[in-house]
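In what follows, a single structure is set out as structure tokens and then discussed.
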Amino acid sequence: MSIFVDETTRVIVQGITGRDGSFHTRQMMAYGTQVVAGVTPGKGGRSFDGPDGTAVPVFDTVADAVAETGANASVVYVPPAFAAGAIMEAADSEVAFIVCVTEGVPVLDMTRAHALARDRGSRVLGPNCPGIICPGRTNLGIIPGRIVTPGPVGLISRSGTLTYEAVHHLTRDGLGQTACVGIGGDPLVGTSFTDCLAAFAADSDTEAVVMIGEIGGTAEQEAADWVGANLDIPVVGFIAGRTAPPGTRMGHAGAIISGSSGTAAEKTRAFEDNGIKVAKRPVEISALVAAALGR
Amino acid sequence: MNLHEYQAKELFRAAGMAVNPGEVADDPPGARAVAERYGGRVVVKAQVHSGGRGKAGGVRLASTAAEAEQHAAAILGMEIRGLAVERVLVSPTEDIATEAYVGVLVDREAQCPVIMVSAEGGVDIEEVAATNPEAIHKLPVDPRYGIMPHQAWTLATRLHGDAGLARQAARIISQLYDAFVGNGASMAEINPLISTAAGEVKAIDAKVSIDDNELFRRPAIAGMRDPASESAADAKARAAGLSFVKLEGSVGCCVNGAGLAMATMDLVKYYGGEPANFLDIGGSSNPDKVVAALEIITADRGVKVILFNIFGGITRCDDVARGILEAVERMDMGVPLVIRLTGTNEELAREMLADAGMAAVTSMDDVVREAVRLAGGDHVDLR
Amino acid sequence: MSIFVDETTRVIVQGITGRDGSFHTRQMMAYGTQVVAGVTPGKGGRSFDGPDGTAVPVFDTVADAVAETGANASVVYVPPAFAAGAIMEAADSEVAFIVCVTEGVPVLDMTRAHALARDRGSRVLGPNCPGIICPGRTNLGIIPGRIVTPGPVGLISRSGTLTYEAVHHLTRDGLGQTACVGIGGDPLVGTSFTDCLAAFAADSDTEAVVMIGEIGGTAEQEAADWVGANLDIPVVGFIAGRTAPPGTRMGHAGAIISGSSGTAAEKTRAFEDNGIKVAKRPVEISALVAAALGR
Amino acid sequence: MNLHEYQAKELFRAAGMAVNPGEVADDPPGARAVAERYGGRVVVKAQVHSGGRGKAGGVRLASTAAEAEQHAAAILGMEIRGLAVERVLVSPTEDIATEAYVGVLVDREAQCPVIMVSAEGGVDIEEVAATNPEAIHKLPVDPRYGIMPHQAWTLATRLHGDAGLARQAARIISQLYDAFVGNGASMAEINPLISTAAGEVKAIDAKVSIDDNELFRRPAIAGMRDPASESAADAKARAAGLSFVKLEGSVGCCVNGAGLAMATMDLVKYYGGEPANFLDIGGSSNPDKVVAALEIITADRGVKVILFNIFGGITRCDDVARGILEAVERMDMGVPLVIRLTGTNEELAREMLADAGMAAVTSMDDVVREAVRLAGGDHVDLR
């Protein structure tokens, strides 16, 4: 099984005709994702060329795309100025699951977009996230399909390439995944570690979870507490940014330690207090998972 | 982007807020002239992006315009936490009765702006948060409604028992929230918000940070950037769209993705080295970004080795290789380069580098160990 | 029985220390309304003198008043500039029933106040309304207590004094009331004719309903359709403004006929089409009710 | 409060909207000067609060500045639906390719602003609504979110198939909504919103009504009121806080409450009379309001009788009686007065009137019948 999405999920791509949107739409389709429509305002009626001679209809609005294709998920690749609006359009058109890959979305725009998504009952993944891949089933976002393989491990991360690093080792060591989710590096993300943990807890195929956090905020601490209170399967953790100086923003808008809160030490302690084994190097993650699974 | 106090006050005044007056001067005679207009009794404040200005001697009271000129001369010569003071703000002194704190920032958990107020103003609010957290009152604001009058009033009653003062404070709290949202801020703060002996409530210090992601649509605010407030390296990184933070070590890092970049720094440290920087070349990298990154790193004289750690996803390894080769052709690195490339178009990248007599490894641990060795750090394998 | 409120309703008065607020608070208390608190920002801690030596505590905020007294309804008498804010404060403090007497509230303010009330599950009556009186039980607003008497008739009206005119005749003719509700003359009111009709329909004591409409809008037509489809008890109607020229606002912001919609003729037709007897003069209302009740 | 076209356009321009240029002139030479600046080919438009300006000859095209001067002279001498034209707006002509309609008003049922657009612009939108309702597309806007980009875009695609034109129209729709909310409007309309042969979308006519209840906090807009646009009676009623509408009959009405006032007019008509006015003295009436009301009514030469119908609730009957007595003392009514008073402090009021030799009845039907009789109308008892 997988979480949030699966091979039946019908996906639209917002910004399908853009540089990133078109590239990754073809990647997703090559992986097997059911991309049923694209949306680019002003380009409705055209057709987008997928891999192997396939074609995807392009619509002017998400509402049109949903009405014509019955799509229930969307991946947003539009530029930062329009990303929150694109999320709102998808939520307003009753798209249930919305992945926003776009980086650099104004945070105040996202306060409104997240509010609308809550009002409409849509789940947003991101923004500034690599998306979700359910190995062998579907891929919504930009996680490279060839570094994953099906198996019993669920992976949740705030960052993109660090996720790839961890998954790469897991796959190499024969530890396949039910789903790999990048929740995004921005201060306000629609889906939290805890949301993903709860989804993995409800998935009978997931036997262990890897949680890759970073400095800043308290999301990891809350997730750790949730694990301690609710989760029966083993969890392996990693925290990036142990050497980051306080008060400095490390790329991710989220990655800033303010005052005494959000340090790697604090997060590591929260992990360990809740029975989560913490890897010191990315390469150790896989070994800890294998040990936890008794392999 | 941080604003100077005087810039933040301009935004607050535009929102209609009662703010202590003031004018900026960039030389002592200018400060004297301003002080004369205000009648001599003024405060002269360094305009730098740094806390602790007071402790550093960057805030001084003057009783006469001549004294204000002397203070300005002293302050304009200072460096505060490494930042040269190029401007002072000269403001009339106020007859302070009470000092409160009012701030707005976006809360991750509530996913909305949160207003914080405390009757304990004029001091470091993080210290209050640590030592006396119940003295800080927080209110999450629903972005769909903005701040409602009763919310501002309720917060204001935490600051003032007197209804007249509370009414003024409520107005300022609303104005601060509106200025926060209206200017795309990530933080807006009044510390202290004073009441005077005469019963007026006003802001006498102001701090605002703008969300960098908002600047593209706010040219007037983007134009407030003070070139003196950022290093040449920071300016170059910003222009090239790179996330860059200068550190004090010897291993120059060039990585794609913030998480991987932090993990790389951690690994450098793990193996006994010291990272010279955080540098994220970002997602859709092009060769020019790589060239700019190498220019920034090599300009740092402390760097003894340059470490590339690239996991290609949206980033194409061949783009990175192309950038490296261009940079090598254009400039003398002066220090060794160690490269790890894996992921999208890895083979192509590897061929390109091989053609130029360069090699790349595939393991992050390997490349970091090698970099630390080349930097002369104690390579301790902790396994 | 009554609708929306009854003798157990615990009422706060927002703007209790103002000219209108203090006068009508005493009137309400004299009628028997349980006024448990007053709210005037900046006057918290004082005490308001009710009739017969009674006293009502005054609070700075509705939240404080609710916390201290368990109030579940509010009557708003604050000036127009602050009225929408007062409604929002009450809704935000989980006051279930909010009467806004204030006239002249900016309509755009009310779009936000009504939205918040919906979000919080509060019912707003008004603004620009005389309130609700449940004869012999409670009185929230400004309807004079001495013109009503308990009995089987429910009355709903958009206007104040015209309500008094109608109730006056009913009472004189021995036709008492379960409740008299003035929904308000503004374009955006929180409680519609239909809301009141549904409440009267659910009240076993109400045997007939009087509906007093006026020109402008389509609320009466919708209410008439609802009556035709759902209501078994007799309804008597009256429409004010038959002689008003089109395009002119008659005092009530709502009372303007635009184009072909909202005329008295149109509303009268809707009433008659749905079995509602229409009085030509206010004085006829009572006779029609008596006939409908077989008296 | 209705704004003139040129005032509405100022608000639209302040919202950043693409609007056809134009300048106001109040005499023919002024209009000529403006026309010269625009190169002669202009449209001269009467600035009055009235529809149907075009049909009335209040909108004229000129090919030269001299012709514009002639047109201005003709228009400035006109009366349109009883309103004297005191200003003309002179604007360059546009090369119109398409004409659309865009409007915003508050919808009672949806309890929120509704945007309406129609590709059938440049004509009376109420006629389109009556004859071809499906040509009008409506969108309720959630006031918590305001207009969202995809909503403006979706509406714009109803007006233009071309993406470039639709993008411009979407921007204007958003700006219109923001101007509507930002200025406290009850109605804001662009008719027509044109596209030019050159592919530009812009507003060439503009209509805005401001919610009177907003004016207290918008002094700049309140200052746009054109004294020439209201009669002396209207101005006096507004100043006194009375709701007043002049009609053509002979029975002057003075009532408390809008609903009762309308019902009173209806009853006058029912008994064969004709109301001279709608007049609501409002809730918390004071004697001064009553005096002002009587001054307004008696100034109408068509009035043959004055009818008071007061049901005291929040209004106190003694206040009304006091006002009547003051007015009687101060001025010569010239026409008979019939009074109905019931409700709060009715007995006191009755005593006061009796002391002055006046009487009041208690029944609305009685007083109206008596008023109609005194006005000389055919008193037909329809019972």
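A, B, C and D label the chains in the order they appear, each numbered from 1.
By definition in this document, a contact is a pair of C-beta atoms (placed from the backbone, for glycine too) under 8 Å apart; a residue touches a chain by one contact, two chains touch by 3 or more.
Please read all numbers here as calculations on a predicted model, not as lab measurements.
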{"item": "Distance between the centres, which are taken as Cα means, of subunit C and subunit A, whole angstrom", "value": "51"}
{"item": "Between subunit B and subunit A, distance of the C-alpha-averaged centres to the nearest whole Å", "value": "28"}
{"item": "Length of the line joining the C-alpha centres of subunit B and subunit C, rounded to whole Å", "value": "55"}
{"item": "Residue numbers of subunit C (touch at least two other chains)", "value": "112, 115"}
{"item": "For subunit D, residues contacting two or more additional chains", "value": "144-145"}
{"item": "Topology of the chain contact graph, where touching chains are joined (line, ring, star, complete, other)", "value": "other"}
{"item": "Pairs of chains found to touch, sorted by chain label", "value": "A-B, A-D, B-C, B-D, C-D"}
{"item": "Subunit D - residues contacting subunit B, complex", "value": "144-145"}
{"item": "Subunit C to subunit D touching residues, read off their complex", "value": "19-20, 24, 80-81, 103-108, 110-112, 114-115, 130, 142-144, 147, 157-165, 168, 185, 187-188, 212, 214-215, 217-219, 222, 238, 240-245, 248-255, 258-260, 280-283"}
{"item": "Contact set on subunit B toward subunit A in their complex", "value": "106, 108-109, 111-113, 126, 129-130, 142-144, 181, 184, 186, 211, 213-214, 216-217, 243, 245, 247, 255-263, 265-270, 275, 278, 280, 282-284, 311-315, 342-344, 363-365"}
{"item": "Residues of subunit A touching subunit D in the complex", "value": "41-43, 60-63, 82, 85-86, 88-89, 92, 112, 115-116"}
{"item": "Touch list for subunit D against partner subunit A, complex", "value": "145, 148-151, 153-154, 157, 163-164, 166-167"}
